[in-house]
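We call the chains A, B, C, D and E, going by the order they appear; numbering starts again at 1 in every chain.
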Amino acid sequence: MTALLEADDITKIFGSGVGRRIETVALRDFSFRIETTRPLITGVVGESGSGKSTMARLLLGLEEPTKGAVRYRGADLRHLSNTQRAAFRREVQAVFQDPFESFNSFYKVDHMLETPIRKFKLAASKGEAHQLILNALGAVGLRPEETLGRFPHQLSGGQRQRVMVARALLLNPKLIVADEPVSMIDASLRATVLTALRTLRDEFGISLIYITHDLTTAFQICDDIIVLYRGYVAEVGDVTKVVKDPKHPYTQLLVSSIPRPDPDRQWSEEPEPSALAGTANPDKGCLFAARCPHAFEPCLRAIPQLYRTDARRAATCYLHQDAPTLALDQMDELLMAASGETEPQVTR
Amino acid sequence: MAVAPVQDAIVESRKGVLWELQRNRKFTIGGAIFLAMLLIALISGMMIDPDLRKSGSFPQRLPPGEGTLFGTTSLGQSVAIQLTEAIPNSVQVGLIAAAVGTILGALIGFVSGYFGGKVDNVLRILIDVFLSVPSLLFLILIAALLRGVGVTAMALIIGAFAWPSPARQVRAQVLSLKERGFVQVARLSGMNGMEIILIELMPHMFQWLGANFVNAFIAAVLAESGLSILGLGPSREMTLGMMIYWALNYSAIFQNLWWWWLAPVITLMALFLSLYLVHIGFDEVSNPRLRTEG
Amino acid sequence: MTSILEVNDLRVYFHTPRGMVKAVDNVTFDVHAGERFGLIGESGSGKSTIALAIMRLIRSPGRIESGEIRLEGENLLALSDEEMRQRRLAGVAMVTQGAMNSLNPVMRIRQQFADGLNSHGETVTVDEAREQLVDLLARVGLKPEAADVYPHQLSGGMKQRVCIALAMSLRPSLIIADEPTSALDVVVQRQVVQTLRQVQEELDAAVILIGHDMGLMAQFASRVGVMYAGKLVEEGPVRAIFRQPEHPYTRILMESLPSLDEKETLQVVKGAPPSAADRPAGCVFHPRCPFVMDRCIQEEPLFREVAPEQWAACHLHDEPAAAHSLSREVAE
Amino acid sequence: MNPYIRYIGERLILLLATIFISMTVVFFVPRMVPGEPMNAIFANMAAVGGSMNAQEMIVEYRVRFGLDRPVWVQYLSFWRELAQGNLGISISNFPSEVSGMLLSALPWTLGLLTVTTLISWIAGSVIGAVIGWRGRKAGVARLMVPVALVLYTTPYYILALILVFVFAFHWPIFPLSGAYSVGMRPGLNTAFIVDVVRHAVLPALSILLVSLGWWFLSMRSLIISLKGEDYILNAEAMGIKERRILWGYAFRNALLPQTTGLAISLGHIVGGALITEVIFAYPGIGYRIYNAIKSLDYPLIQGGVLLIIISVALANFLIDAAYPLIDPRIRFEGSGGS
Amino acid sequence: AVPAGPSAADMERAQTLNIAVSRPFADPTLFNIYAPGFDRSRTGLGAMVHEYLFYLNMETGEFVPWLAESYEYNDDYTEITVNLRDGVMWSDGEAFTADDIVFTYEMLRNNPALTWANESNKAVANVEKIDDLTAKFILTEPNPRQHLVRETFPAVGVWSGITIVPEHIWRDVEDPVTFKFDPPIGTGPYLLESATESAFSYTRRDDWWGTEVFGVTPAPAKVNFMHVGPETSVALSLSANEIDSPAIGILSPGAFMSVKERNPNIKAWTEEAPYAWYDPCPRALLFQMGKPPMDDPLVRKGISSLIDRDQIVALAYEGATVVSDNVWPEYSGLQPYKDAIADVIAASAVTYNPEAAEQYFTEAGYAKDADGFWAKDGERLAPLLMTNGDTPEAMKVTAVIVDQLETGGVAVEFQPLGGAVVDAAILAGEYDLYGPQAFCPGTIYENMELFHGKFFVPLGEPAPWYERNSFRYANPEYDAAVDAMLVALGENADEATLIDIYRQAMEVWYNDLPVTPLNQAPALVPFNYTYWDGWPSAENPWMMPVNWWATMNLLLTGYESVETGEWVPGIRAAGQ
């Protein structure tokens, strides 16, 4: 069975500066697979510049990988036929970070919703199109009378972002890539958007890639999580396991750095990097070695592989080198394994 | 973020560019002066017997008021009647040249910025080259060699040299615009490159293109009058530049026929000033920071 | 405890072509010496405007309409421009919002530091200044080399720390930090906030931290003020605000915070924040308030002490029954 | 590679491309015009009654100028000669050498333009900065805004005419025209220099005032937009003295786009000086090229345009090269492409 | 007004003569009068440094001996023997001899690319030296008027022509075509002191041979030919007494009148309008007869009748000239010729007469169309009127003509051309109408000859020159009359015979109307009496009032009258 969307060992390198000489590896050797069998929410977290957005843009075909290929139902995104491309656009959609930027301020909200219907010929008549829009808005909890016919700036951030979700929904996609969908939204509105996203999985059976730097919300809505560090996968697996018991020192640092909204749970001290960290070579060895409190000799030599520390999780760290390695292209298997297990959802 | 208030202002300004423009005092005053000048010229031009434009229709060198509104020339023409012909012609030069320059520039800029790659590299060098070449030199070269061209041809020639600056700026604008979220959303909604440029990006360029158009307009009228003064103007048609040319040819300044040379000069300045106000208006609408200062 | 800063009845309005924006409306609060005061609220609620008003840096079309800002007893609004300039940095320093762009891109850090010193009566050469700067940079955890670079050569977190170091240069008694970490990821956030805290303790200065991240506030502040649509709706000790919020907005805010401990259904706040130019009459929060009463629509609630050290502006506190329901709900 | 060197390399390529493309245009455009350049020679002769319809002579002169060969051969030989520094001989002023004719005119044009451009750029920028910064507080100085508007919108040749009328005729303070008094021998003595300066005042003023208006307006609006920058706010929050903020923070940063503007407008200034030269009978290069164009004097057109383009492109190059010195971002990272 | 205090600058000014020229000097290092690029009419070199064997004073008709004392033709007009004046010296001290003349003609023969070489080689076969002071010109064909042709004989009435060069300098020159002749050596009373783009400055020589031989010294110690800018600047300088006289074609009549108002010391040829002296080159409009529609004499006459020449004079020339019905200048010597054909002119179509025009056009098969324009077979009469856009005079005149023709129902297309483009187009005959064209030199025979069929070339090929039949006129009857005129001149026929031949020619000419006369050429050349006096004027017409011809040195030095033998003095300092 071919996957809906498959990233096959993709690497993206950006050149910048004069003559594009300064190279940034935004994403390296990344493999990933989304099946259509069961809707899942996969979180992608990592610090700023770790390659999250790059990954999203690659998966959406907005950017071409420097190496490797992204495949949609087995076909390389670069060589899609027109019908394949149309199908791809319908099945794989996106919601972006900035709910204002995503709108063209010259047009009413309707423009954003009508365009995909028109371009993909989703409706036979005006009335049908209108009905489609009403349904989509309803699905994200928006009332048409307070959205349609308005300009973007007349909506709140949360409303705008939900219109974005509704737009994606219109196309009846199989997968939505959401790049930081709530980071620009006020605290009081954030929950409504996150709830709308979760509805997609639960009610419409849509898979979601949820990109964020906010581990807390990822924990709340995701099934699996991928932790990126400077373009490579640091840790991957079931979200509860990763958050509750991080295996990679970077994940540990991340989790411990989250400020708890509780005056009585103060931050722990940031661990000191190990003595060896100072000698880490930025071009060789583990990319985190320079900041790692546990860095030891092997870390300076080569980038570690993914070690499968347990059935539903793997970490790229020599601390776990005793565990079986997991080839990068098997990562998706691990995720699928994780989701395959019927573990009771932690609910309140 | 600190830009929030400003962005907020921009958000509000999206009420409609036209709405915003018509509220801008500089834009409306400039536009009104310009239109008034043009309309008066056009309407009175239509009402005047064409034979009165000919040389010798009036006594020579009459000061203003004595029978004619703005006096007469040494060739026995009425300065006022000449203005009714010169203003629309000069405006026509400006319009055509600015349209040609802006459209050409916008096209090249769009292509260069939006598609990038090798095309961009070549176009960028071309733009830079033409920017640093004194275009008046080439204008003189061509005008001197194609002597006796009419207003339209003149405008086309000027317009053909007016594209580099808009091209460069459109390119920069497109480069930044195409990274904007809504362009990506449009791509995901199935729009192709041309649709994105026309439907999504164009409206955002509107104020800017407007400002540029006005600028090119001013530059074109200036270029035309410069060429005319050198004697390279459209000799059979009256433009403001040709009026000055004739006035200088008859040494109107020295003979103290001030009405003759001052009329086109003041008209030209009023034209520039009104257009420049329009330009500032456009600028202020697209850059609200400029607006807070008086 | 002595108040180092007293803000009384401050009103700052923006006179825009589209009408008046009451960015800050009748705001009153004190900050005590050596205290860490947190100011939270949604985007556009007027937090930065308060900070700028204290610095007297409100730009046209904004204007401080009325009120009083006393720094160590001295009314800043009564000072001449030059006197006020002298107070900046020396008396009250500010780490501006968006510190990413707060450094002059064409000037080395040490030069910008020296400019600050030289503008306050100290005539130092850039070299002398550099020594002092290196010292300050060390305190915010930066290497001496940071003094000699241009801003673009620093990462975002480093720039934030440079700004904090600059704010410390004349040992002010009050530092205002306006969202110093909004663009940073959590790891760096922690470093910056901890730096700020350490600096505060060393200088024994009062710090006003502005932000909208509840977690950061909980970690940093000893007292917190909550802004909503230009109003200060609640103010009190950090624990009280987090445990026993007395204003419905604060309460809902607390409830909608996702937790890292358990997966839970997220609480949704209904409605949208009011737009800047058009604040609701009566209580500004009434359109979204679950406890809204007729009175809230007409009458603006007073800002008053509802518990020890804890102030709130809500009519519920006039109605013991209703107030009870509020506290009961929270307790559940 | 050092990014700065790469950057300079890129600019250098641009410089060469500019020269190459413009020269190619200048080579071919006049040759596409139906006209016999040799007629310039015979017009000169005929004006004194000589050499009418001497076809043999036309042939002889065409050979002398190499015009009997195919155009592309002429084109190649043009570059070959140029590489040897040979600009050829003027047709309309046969047998004068193009280089000599241009070199004698060049110092005047360059002197006039460099001085006026620099003065107007500096003065316009400085005044614009102060008035832009002070905004409503600038008081009467704000009158400079409408004044600059009017100056900017006055064509320089009109201004030149008015200046001549007022300052050379009504109040004969300055000489009417020319670069120095007739009979003065050019030399490096005070009398001559004073004389040159006196003659330069009016032409310089006509160029200066107009471009001053432009630089003023441009700097003013730059400063106004820069006022909203975070680093300006931060500098104010640091209590830095206003004057220091204006010059060290706002002005320094506004200089970057203002410098780019200077580079772009150089071409226009050079072109504009031509008419000024005509009005003041200033012995510059523009007038010479103008006449060369009219008489289809290929070598003189090519030489003159080459000289102007090299000067403008070189000035652009220098500005580009100096740009990183005021913008450290380029110094360390390069131009970033656009 | 005369300057108040005699400051040093004023003193110097009082001894200096300043002539304003119309353009800057392209190359102030080039002084070779034979090089095509040399600026003969503005630099003053031909008048100040070079001298000629004879000068023609067209005003008085005198042929003044200068470097030579006399000339004589042989019987069949194939040889001229010239006796040189004793004591003439080059400015470097060498003696001026017949060798120099022989050398100059040899040089022209060896270098056909030199100016005038073409003409001179055709007319002069050889020059022989008889002795140091005697030279014999051997002509290629008999020509009784050879001594008047400056392009082939070193005597001038107008600009410089064949100019004798010092053999001792030129004989070593490799390529006389590119030789710069710096410094220029001549026999004249002045020495070139400095030359820049804007001024050629001359100082008076103390050792000029003429001082010894004639006993005179020209008054100005310095003479500057300077470019002070366009018309307005010249007018201002003249008003401010910085200029003593501008060259031709700079000052428009309007500007001149303003100058006169400001500075009463400025006077021109006449006290009243038209002020101008008449240049010997009357203006006319050319018809292209090589192709339709102008090949039809009726059309030509129709157009000619539509031109209101009085209006041209009033508007374009601001009254500074008079209309002309022929192509000869208004000089008194020519009056008998004009009187003789008065009846022919009266019957011709060279005066404004719209009714006559209607008749001509109708007769030619034209009718007015709906818009009031003349048309034939559905095609409008839309002649292409070209002019030289570089000269203000042409632009002004054509502006009026175009309006007049349009009023008369001719839909003219107007095309001003400039520079090199105009030459090519005119010589190839690409116009229907071209004007205003000057007809020089304004002597009876020479101007008649311009229309001779020997200059005819087919359309497309370049004609010899503008007025030398670029309009493609050929009528054997007319040619025969011109040939007869030359013969009569050679036979020294009396004026009555000549006038008779002239009348025959003109009957043909007016009937064909190859060009239509417009007006006399105004040479509006004011003189400033502030520093200098003795200028020629209509009241005292002792000399042509020109400063751009080689004859100008007579204006400074004066000359010995051929008739009375007395010295006619040149200009003198004011107040003396």
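Quick note on the criterion: a contact is a pair of C-beta atoms (placed from the backbone, for glycine too) under 8 Å apart; a residue touches a chain by one contact, two chains touch by 3 or more.
On a predicted model such as this, the values are computed, not experimentally measured, just so you know.
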{"item": "Selected interface, B-E versus B-D, where C-beta contact pairs are more numerous", "value": "B-D"}
{"item": "Per Cα centroids, the chain farthest from chain C", "value": "E"}
{"item": "Intercentroid distance (Cα basis), chain E paired with chain D, Å", "value": "39"}
{"item": "Centroid distance [mean C-alpha coordinates] between chain E and chain C, Å", "value": "91"}
{"item": "Whole-Å gap between the CA centroids of chain B and chain C", "value": "49"}
{"item": "Interface hub residues of chain E, defined as touching at least two other chains", "value": "230, 232, 236, 390, 418-419, 421"}
{"item": "Chain B residues counted as touching two or more neighbouring chains", "value": "2, 12, 144-145, 248, 253, 292"}
{"item": "In chain C, residues with contacts to at least two other chains", "value": "43, 59-60, 96-98, 101, 183"}
{"item": "Chain B-facing residues of chain A, complex", "value": "60, 62, 86, 89, 93-94, 96-98, 100-106, 112, 115-116, 119-120, 151-153, 164, 167"}
{"item": "Touching residues on chain C, where the partner in the complex is chain A", "value": "42-43, 156, 183-191, 193-194, 212-219, 238-239, 242, 249, 252-254, 256-260, 262-269, 272-273, 288"}
{"item": "Partner chain A, residues of chain B touching it in the complex", "value": "7, 10-12, 14-15, 180-182, 184-191, 200, 203-204"}
{"item": "Interface residues, chain D side, partner chain C - complex", "value": "135-136, 227-231, 233-242, 244, 248-249, 252-253, 256, 326-329, 332-333"}
{"item": "Chain D partner contacts - residues on chain B that touch it in the complex", "value": "2, 6, 125-126, 128-129, 131-142, 144-146, 165, 171-172, 175, 218, 222, 225-226, 229-230, 244, 248, 253, 261, 265, 268-269, 272-273, 276, 283, 287, 289-290, 292-294"}
